[in-house]
Structure formats: C-alpha cells, structure tokens
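In what follows, a single structure is set out as structure tokens and then discussed.
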Amino acid sequence: MSEGGSETARPDLARPVPFRGGGFRPVAKRGAGIVVFVVLLALAEWGTRTGWITNLTLPRPSDVAATLVELWQSGMFWTHLGPSLTRLVVGSALGVSAGIGVGIMIGLFSYVRAGLIPLVAALFPIPKIALLPLFVIWFGIDEGSKYALIALGTFTPTIVSTYGAVDNVDRTLVRMGQSFGLSWMSIVRKIVLPGALPGILSGLRVSLAIGIILLVAAEMLGAEYGIGAYILQAGSLYDLERLFAGVLILSVLGVITSWAIGLMEKRLLRWRN
Amino acid sequence: MSEGGSETARPDLARPVPFRGGGFRPVAKRGAGIVVFVVLLALAEWGTRTGWITNLTLPRPSDVAATLVELWQSGMFWTHLGPSLTRLVVGSALGVSAGIGVGIMIGLFSYVRAGLIPLVAALFPIPKIALLPLFVIWFGIDEGSKYALIALGTFTPTIVSTYGAVDNVDRTLVRMGQSFGLSWMSIVRKIVLPGALPGILSGLRVSLAIGIILLVAAEMLGAEYGIGAYILQAGSLYDLERLFAGVLILSVLGVITSWAIGLMEKRLLRWRN
Amino acid sequence: MDLTLENITHRYDGLTVLEDVSLHIPAGEILCVIGPSGCGKSTLLRLIGGLERPSAGQILQRGTAPEGCLNPLTYVFQDFALLPWRTVEGNISLVLEDHGIRGAKADHIISDVLARTKLSDFRTALPRQLSGGMKQRVAIARALAVKPAVMLLDEPLSALDAQTRELLMEDMIGLWERQPFTGVYVTHNLAEAVRLGHRIAVLSRRPGRLCEVVKIDIPLTERRAGDARLEAVQAQLWDMMKQEAMAADQELLHV
Amino acid sequence: MDLTLENITHRYDGLTVLEDVSLHIPAGEILCVIGPSGCGKSTLLRLIGGLERPSAGQILQRGTAPEGCLNPLTYVFQDFALLPWRTVEGNISLVLEDHGIRGAKADHIISDVLARTKLSDFRTALPRQLSGGMKQRVAIARALAVKPAVMLLDEPLSALDAQTRELLMEDMIGLWERQPFTGVYVTHNLAEAVRLGHRIAVLSRRPGRLCEVVKIDIPLTERRAGDARLEAVQAQLWDMMKQEAMAADQELLHV
Amino acid sequence: ANTKLMVGALRFTSHAASFVAFERGYFAAEGLDVEFKFFQAAQPMAVAIASGDADYAVTAISGGLVSLAQKGAAKVIGGALSEEKGIDGQKILASNAAYDAGLTSPAMLDGRSYAISQAGSSFHYMGSKISAAEGAKVNFKPLQKVGAIIGALKSGQVDAWSIVPHIAKALAGGGAVKIIGDVADYLPNYQVTTVFTSANNAANERGQTEAFLRAFSRGADDFNAALVDKTAGDEAATEMVRLVHKYVYASKPFEKAEKSIRNGAMRINKNAGLNMASVNDQLNWFKSEKLIKDGITIDTLVDPSYVDAI
C-alpha cells in the first residue's frame, strides 16, 4: 500500500528498477579462517603473558610450540605418532570396511534391514569407553583391543551413512539396468555401488573423525606410546603444554584426514560437477 | 546373441513377457528386529549357562535383568537416572541451541562461514575426554563441567548439520521471497528456518546420540550419581552385570531419544509426505 | 506502468550472457521472450525484476503502479516456488504479511485471488496435495495478490504436462482478458509464445542479442490452437531459431 | 515381433490403476499412448516391459526377434537414466558387457549407434557435459545398441525444452525411416502423438481404461508440424481428453 | 559462625579419618561445617583443589599433584596413610598364569609386565621401586582404571600389580590371583597418601587449616585404635566398621562389607605427621623418570609448617 502510494507521487519520472536480490549465498573469503586462528592464538599468548589467563587455565601457545619442537627433536614425535597411525589405519580400515559391507546389505535386503537397523540404533549410543574393562578380556591389552575399539567406533556410523547412501541411489537407474536385463551382481557392482559412493565417502569423513577421537580411548589400555597415551599421560601429570601439543597433533590429523577424503572425492567423483 | 537366438527357435509361439523387475527396495519386515534381539539374548544366556562363554567375558542376560530389577527396587534407578537426564538435557540444550545458532550464521554470512568452518573442522576431532582435567579448572567440578562437556560435544556436530541444512534450502524459494520484497528477517524466519528444519532435526539425532555417549565421560568428573558414574563404578569393580545394566539403560535412552525426534519430525514436518 | 531496457549487457565472471539488449514494454501488453537454451532469458528476467544488477545499461520503470500495488514487479516461477510447509492460503498470506496486511483484509484478498484462479476449494491444502497445474495456479494467485504492475513469468508452464499446459494457457488468457496486466513471458515453447504474446522478442544464442521483435495483431481472445495465422508465425519463428537451436543442442557444456 | 495385451488389470494395494486393457501392437508400428496424468500410462509400459507383473491378464510376445537382438523389450526413459559416472561410450557398453560383448565387437556396435544418433564426436564426454537433447540421444543410442524388437518410450522428450523436442522428433522419424522399429510411445503431448504414432491409444483417467484407438494413415515421413490433417486429429483427441484433463487437474492428491 | 569447607574424598577405607571426624563431630567441634565431595579417582580430586571446588583432600602423591603444586595451585600439608612393617599393607600380586610360569616372588619380576593406572601414579612408583630393588626390568602397562587392571590380571594379560590389602585379599581369596609379596618390604615407611590443600589455604587460611588437621588427626587416632592397633576392643572395632560402612561399600550388605573394611585398615599417621624422606624419595623418582620438571623442589610441594616431619 504505502510503497505503491509513494511511487505514484511522481508518475512520469523514469526511475531505475530497485535492486533487491543478492545475499543468502555465502562465498568463500580466503584467509578469514587463518585470521581467526591467528587472532585466537595471539589472544591466548597475550593473556597468558600478562597473567590475565592463569597458567592453570591455558598453556602459553609459544610454550606449546616449544614442546612440539622439543618432541620433534627428541625423536619421540614419530615414536608416538607411528603406533597411533597404525592403530587408526588398521582399526578404521576394519570398522569402515565391515560397516560398508553391512550397510550395503541393509540397503539391499529387506530382512537384513529389518533385523539390523534396530540393533545398530541400540549399539550407536553405547559409550565405547564404558566397555574398556571388557575390551581387555575380549581382545587383550595389546594392539587387538585398540584395533577393536576403533573398529567398533567407526563401524556403526559407517553403516548408517552407507545404507543411507544406498537408499539414495536413483532407483530409475536400477530399473534401467533391469530393463536391459543386467544381472543382479552387475546392477549392484555397476549401478548401486558407484551411485552410493558419494554418500559413503562423505560418511567416511565423520567415521574417521570419530576414529581419531577414539584413539585416546583406545590408548587408555596399556599403550606406552601413541598420541593418545601421550595426551593421557600429560593429562594425568597436569602438564598442559604437552596436553595441548598432543591435542594439536590430533586436530591436525583430523584436518589432514578430511583433506585426504576431499582429494579422494575429487578423484573418484570427477563425474560430478 | 545367444538369448535372441534361443527365442527365434519357436517363432510362432506366443510366450508371456518374462518378469525381470522388483527388488532393490527393501521393505519393512515387522518383528525381524525383535527376533534378532531375542536370538542374541538367548544365545548369550545359553552360552553363559553352559559355560561356553565364561563369566569373565559376558554376564548372563538374566543376571543383568535381575540387577536392573534390583536397581529399580532399591530406588536407586531414579537416583542415578535423574542427574544423568538433567545433565543430558541441560548440556545438549546448551550445545544444540548454540550449535544451531552458529550453524545458521555460517549458513547465512560469508565472513562467519569463512572464519568458523576451519575452526569447527579443527575442533571436531579433539577428544573431549582428553580435556577432562581442564574442564574442572574451566567450569568447576560440579554440574558446570558436566554441562560444558556435553554441550561442547553436541555443539560441533550440530553446527555442521545445521549449516548443511541451511545450505540445502532451495534458493529459488529465497529468490521468490526477495522478488516479493520480503524483508531479510522475514526471509530468514519464514523461508530459511522452516526449510532447514528437516536437516536440523536429522542432525539432532546424531548430536543427541553423542550427548548420551558423553554422559559417561562427563560423569568421570566427580559425579556420585548418574548412569555414567554407575557404569564407571561397575567397571572399576569389574562388575559385569551392573556394567551391562548401565549400558542397557543408555542404549534404551538412545532409542527413546531417536524415537522422540521421529515424533517431532512427524509433527513439525507434516508437510512432507 | 511500463518498462524500458536501455542497452543492457550482462556478464558472469567474464562470460558475456546478454549483449546490448534494448526493449520497451508498454503497459497492458504481454511480451514473450524466446531464444535457445542458455541464451540469457532467465538472466534478462532477473535483471528486469531487480534481482540482479546489469553489468552495463539500465532498466527504467515509468508511470504509476495500479492502486494498492504492493510489489510492482512480481515473478511467477517455473517450478512454482511454493513453500511446502504452508497451505495454499499461507503461501499467499506470506507476501501480504510483510506489508502489514493481516486478518480480514488479507482474508478478503486471498478469497478474491483464489476465486479468480478457481482454487477456492483448496484453500487449506498443502502444496504436496496439489497437482502441478494447481500449484502453478497458486503461484499465479500469489502474484495477483500483490496487485503487480508487471508480471514476470519465467517458463511458468514448462514444468507441467502438455494437457495441463493447454488448460492453464486458457486460464491465463481469461485472467488477462478480465484485467489486462503487463507481462514479460519467457518461454521455450513457440506455441505458447504465439498464443500469449502481443509481441515476441527473439534472442540469439549466447551472448544473447535481440534478433527481432515480432508483433502479432490478433487479439489474445481470438487466438485458438491450430489457427493458421498463428501457425504461420510459429513456423516463421521456428525457421529463425532452428539453426541456433541445433547449435545449442550440439554443444558440450563446460562445467 | 509383435505384442498382445489381454485384459490387463493392475492394482496397487487395492488402488486400481489399469482396468481391462486389451491391445495389439504389430511389428514395425509405433503405438502412442495418451491419457491424463496418473491414469496408468507408465504402469502399462512397465507391465509390457516385464518390470512389473499384472494383477490380472497377460502380455504375450509373438514371433521372432531380429537377428542379434540382445534385449527384445528395451526402454528409453524420460529422464534419460544415464549413469553419470560413465562416459557416453561407457553408458552404451554397460548394456553390452553383460552379454559378453567387449573389445572390438563392442566398439563396432558403439560406433554404429553413435553415428546413427549423430554423437560420434562426443564418445568420451560425461553426461554432465551434455545438453538435454544429447543425453536423450545417448539413451536412444544405448537402446539401439541391443537391437531391440520393441522400443518402450516413456515420455522420452518431456524433460527437454520445446526446441530440442522438435529437433529430436525429426531425428526419431529419421531413425524409424531407416530401420522401422516397433514402438510403444507414452506421452502427454498430443502434438508428439500425432507426429509419431501410427495408432494412438487414448486412456481414461484412473482407473485407466482404453477409450479409443485412433489410426492415422499419413506416413510418418510425410507428417509436418502445422499439417492441417494432423491438427484435426489433434483437435479431436483434445476434445476427447479435455474433460478428463480438467478433472485430473482439479484433483487433490492423497499422499 | 561455622566455616564451610568442602572436603574431597574417595569411598575407600583409607579416607576413613575424615569420615570419623565428621561422624563424631570433631569437625563441628573445630567450628568447621564440612561437606564431602566424592570422587571416582584421585586425579580429578587434585584438580578440584586447584580449581577451588574442594578445600582439603587426601590422596597419593601423583605427578599431577606435583605439577599443580608447581603451578602454585596445591600444597601438601600433612601425611595420612603409611606403609609400616608389621601392619598389613599393600600387596604385590601376580596373575595365576604368571605365577604358574614362575613368578612366585618379586625377585622373579625381570621381564614381566606390571600394571599401573597411569604414568606417574603411585602404582608406577611402587612398581618402579620394587623392580629396582630386585634389579629387574619390568614393562609398565598403563590401564587407567582399576577395573581394567583387574580384568587384565584375571585373564593373565599382565603379570603383576600392587594394590591395597582389601582388594588384594579379596582377589586372592577368590583364587583369581596370587599374593607374592608386601610393598612394605621394599618401601618401609612409604608415605602412601598425604593431606593437601590449595596454596591459598595453606598460606592465608592458617587457622582453618590447623583446625582441619586437628579434627582429621582425632579421626585418625580413633580409626587406628579401633582397626589398626586394635587397642579399643572388639566393640569399638565393630562400631568403627559400621561408621565406615556408611561411606564405603554402602551398596553392599554389612556382612560382606565388614571383611573388606577390616582388611583395608592401614595406619593413618598420628597428628598427620609427614614422612619427609619418603616424600623426597617420591619427588626424586618423578624427576628421574622425567615425569615432572627438574626445577621442582620439596618446598614447592610441601608446606612443612603445619605438621611434624617423621
């Protein structure tokens, strides 16, 4: 009403059409992420130097850096990272491959689906650390229990993302395969699996992040070396510099994993735009 | 070739068109889930009774049930569940609401997006249990640190699912709003938020499952009562019956949460088919 | 209210989409815009509607908007753009709420536009319960609710099946007849263009340039499917476009 | 090879979709099927193709399939149904691999069908790089690769824009002309039906019953857009369907 | 007006002195309004002192406690539990499998695995000292939780461990493990637990701290008399067990709990006296293991002004 009214005031004037579009589509601003990190670190450094943040609350970033350098120079960096990487790789390879297998079965077969989905839903919220004493009995305190813990932790989320991905495969493509008389195996191999791949890969992001988180839980059990063990020891000694150094390593590990999956996506999913 | 050839053998015979469709669309088989549970329980009961499974490996299901009944009768059930539920509700309410808020900001503003997404990616793989000693210093030993731990644990996954949901809101609907001259706030309130709701709710499923998992970690910190504390105590006494009873309660809690979200989805998303 | 486009050029990151398009759209007339895929028709419409800013040139509006006009330039989208979580009525009130129109007044407007689009019985239905044709009629009703000076229609019928399209074309002519509106109608379909356009602007393939503006003198109400004169215009347009269409269809998309 | 439908009835959970449909499809002829939305056209095609089993009645195939036929009843889908992760060539070899055709032999077939659909230059392109019309031509090439006895086409052109549709119709006629195939062509578009169909089966709204089968005696190659005789058939079909179409369009979907 | 105090405690018999002082009104008599805050493990208790969530607590000297002291957040002000030759103290255990394979005394520890909760824990210290004394090289396995250790020991995945007597006896009684020695033989006068508080309390709340220690010592005296020296008679002993049972093994019936509580009784130092030699030894051990920074001295850790050194 009012808007229309104001326009009628100068009937013969030619006015440009007002702009009202744009926005709602965030674009990448390069460097903003780095700025945030730098500002946060600078703030922490300044705070701990002036005593505004006590050394009980937060370690000084420069001390954390020094600890990392020291860790590197002492050669212990690889001593800790090596076993952790092995555990992460073996554990999540087991969990992820079993998860993908089960997820695909759930996506394809009615009975498997009906039987396993409630089981998965019941297993998902079980905290793995609560079962630590049992893992000792089931899998021993050597690498077995560590692999098992990480495998179990990555297993359920992989199942969920995989069967979701299989469910989302365009069913017209499957019908197309059938209409050309393709065999069941051909349809699964050539249509269902490649179609589910994007969903499976993006599920992998979450699964591997969980795997990294569980490194700490896994290394609660009789691990002498490993980033998780390093963190736990630092925690029990209340050595904040080492604690943060260890957490930083895990964080970087997470970012690298996510980047690696991004690379895999770029390679394997070149057919998407 | 060969198939065509075999058909040409009887040219004048009218044959029905062969069926080659169906499948690849699993349907719900009622009861299959229950059958799986019953079979697993029966197997465990039988195994522990015959001694085929040692009592070190797995508790007898009937003993776990008896422990639960005892827990209930002693009145301790609510003593433990009450504080845990409060922690879960308060902690995840904080984490989820902050996560949704930040997620929406990331979804709407370029600078927030660019600044925070790397931070979230770096925070995600940090294991919360590694930071337990710090939580005590930061938030105190009382409920504060428990709320904070659960809040932080639900925060990052909620952010990720929320901005994903906002990103997926159909941009034509936003353009439609703009083309009718709707204000920015109207577009956010009436178009972006309802459009992101399905994604936010399904993200909630994962966030709350993580919240339940973190109950145990939270109650590592000076909690006397709570399901997590109950489990931890049972674990430290290697009391498998109580350990499994506690885990079972968490599992049921997870299933109930997931069901409640399903109910919310049915209510709030009635407009979907 | 009429619109003037003066030497409009538009680029996306160096890709020129529209080049030096000048057009005049007089009040009360429907201008159809046709052209091969990707030639910039939708872009042109977004520019006219103020959803994007042209790289060069300007778009001017002149004259008074009709009494009570809430949104002078109003879109009807190809894929309806209905909020799936709002009922038919809610989708229309959406565009009134921001102008402070609620309650009885909004009710009156909604009843009126639903009656004009023959949707009165479906006031409380949700979009998912409607057929495609009905959805597009809701979108039209919503556009009518703000009493637009100009309706901008971006392939409004192309998401519908052929029969429904035929029916809706008749409806649109009926609406125009009762209350002539100014329209810019983008389409791929030459049959639609010759049925609904007072004038038809033909764009070249990308970068879209104005090839020709064809005027059809037969009043809208007298046009029928299968009218020989319309067929002749259509055939003429098809000849103009065939080469462009073939080239566009043979093109690899660089995405 | 020709097909006979005997008293086909089909139900989904009590909802009758098709009722007592009997039809004969002689070899080398294209049968167009038209009818309002939701009347069961796609269902009918799925039944013919053996992707579903009719609730009652039977579908019989009679006679010899052509020499080297790999898949007697072959679909062309509306939305192309190309595997986005395979190139044009890969999408065609997909349907050959299961018959053990690989290497030079597959190569030969692929080159042949790509040449017939004028796609030879795009052999290694991915679907996302192709325009809609090219995608549909790939789908047709894939169907040709298995030397089908009968082609089942479910609104093969309706996902395309009007100009591309026009071009592809000419292509289809060209293909049929060179090597006449048997076809069942489901469409919404009366113009398509009268251009491509030797006979046109009209279905009523749901439950779909056979209203009438219209025969058009003009050879496919002589039919042109704007031909008065075709316009007349089209107008006659439109009259038959208008009531049904309006009713279908006014219907609330119960989902 | 009474001073409100938050006292951190574990539900272990070794914390009985505080429970006695509370139940028998010794705290109240000193004008202290004490409230207990219970923990699942010792480590968070030290952190809670640092964060101000608890005022006083009793626990073993761990690397974490030393670190917090170094950051100026905690101070040891007295001693509590001690090993003493002649009094049933912590036991050295071997798993059945290891026992059968020849680990029948701590002298055979060479090449064996030894369970600890975490690096720098009291288990680590004991194991390290015992093996050093025997000239053995052992493998320490950090398993975090007592439950995990018990599981590992029962299933023979670790060979040895040391633990308080009531747990040791209960396990050995069930036939799950074998007792192969006493910690006291290797670490006589080992100061197992200490009383500690925040540095602020130690420096600026002298009156309150002294009052706490007085009441705590009275509780300790009662406990020692009833269950350690057994000089107070059977009735007093039973009454003491009843008192402790309110806090320890509360979920178990009295009959079952009684044995554990009696088994677990170890001396709590008179007047919270602190064995400085033992503390020094522990501190030096932490340094030699590089678990704490070299610069930490005994003064950083201990405020010796409150109690007598033994």
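Observations
The chains carry the letters A, B, C, D and E, assigned in the order they are written, with residues numbered from 1 in each.
One rule holds for everything that comes next: contacts are C-beta pairs under 8 Å (C-beta built on N, C-alpha and C of every residue); 3 or more make two chains touch, one makes a residue touch a chain.
Source: prediction; values computed, not measured.
When the partners of chain C are compared with those of chain E, the chains appearing in both lists are A, B. Steps from chain A to chain C, minimised over paths through touching chains, total 1. Just count the C-beta contacts per chain pair and the biggest one is A-B. Centres computed as Cα averages put chain A at a distance of 15 Å from chain B. With centres defined as mean CA coordinates, chain E is found 84 Å away from chain D. Annotation: 46 Å between the Cα-based centres of chain A and chain D.
Here the CA centre of chain A is 41 Å from the CA centre of chain E. Looking at chain B, residues 3, 20-21, 56, 132-133, 137, 175, 178-179, 181, 232, 235-236, 238, 273 sit in touch with two or more other chains. Looking at chain D, residues 49, 51, 70, 73, 128, 255 sit in touch with two or more other chains.
Residue numbers of chain E whose C-beta contacts span two or more other chains: 43, 47, 50-51, 64, 145, 147-148, 150-151, 154-155. Interchain contacts (touch definition given at top) occur between A-B, A-C, A-D, A-E, B-C, B-D, B-E, C-D. Every residue of chain C that touches chain B in the complex is listed here, in rising order: 49, 51, 70-71, 73-75, 77, 79, 81, 83-86, 94-95, 97-98, 126-128, 146, 152. By the touch criterion stated above, chain B contacts chain D in their complex at residues 1-4, 7-8, 11-22, 273. Those residues of chain B whose C-beta lies close enough to touch chain E in the complex are 56, 76, 132-133, 136-137, 140-142, 220-224, 229, 232-238. Across the interface of their complex, chain B is touched by residues 3, 20-21, 23-37, 40, 56-57, 106-119, 121-134, 137-138, 171, 174-175, 178-179, 181, 184, 187, 192, 209, 212-217, 228, 231-232, 235-236, 238, 240, 243, 246-247, 250-251, 253-255, 257-258 of chain A. Chain B makes touch with chain C in their complex at residues 172-173, 175-183, 186, 190-191, 194-195, 197, 269, 271-273.
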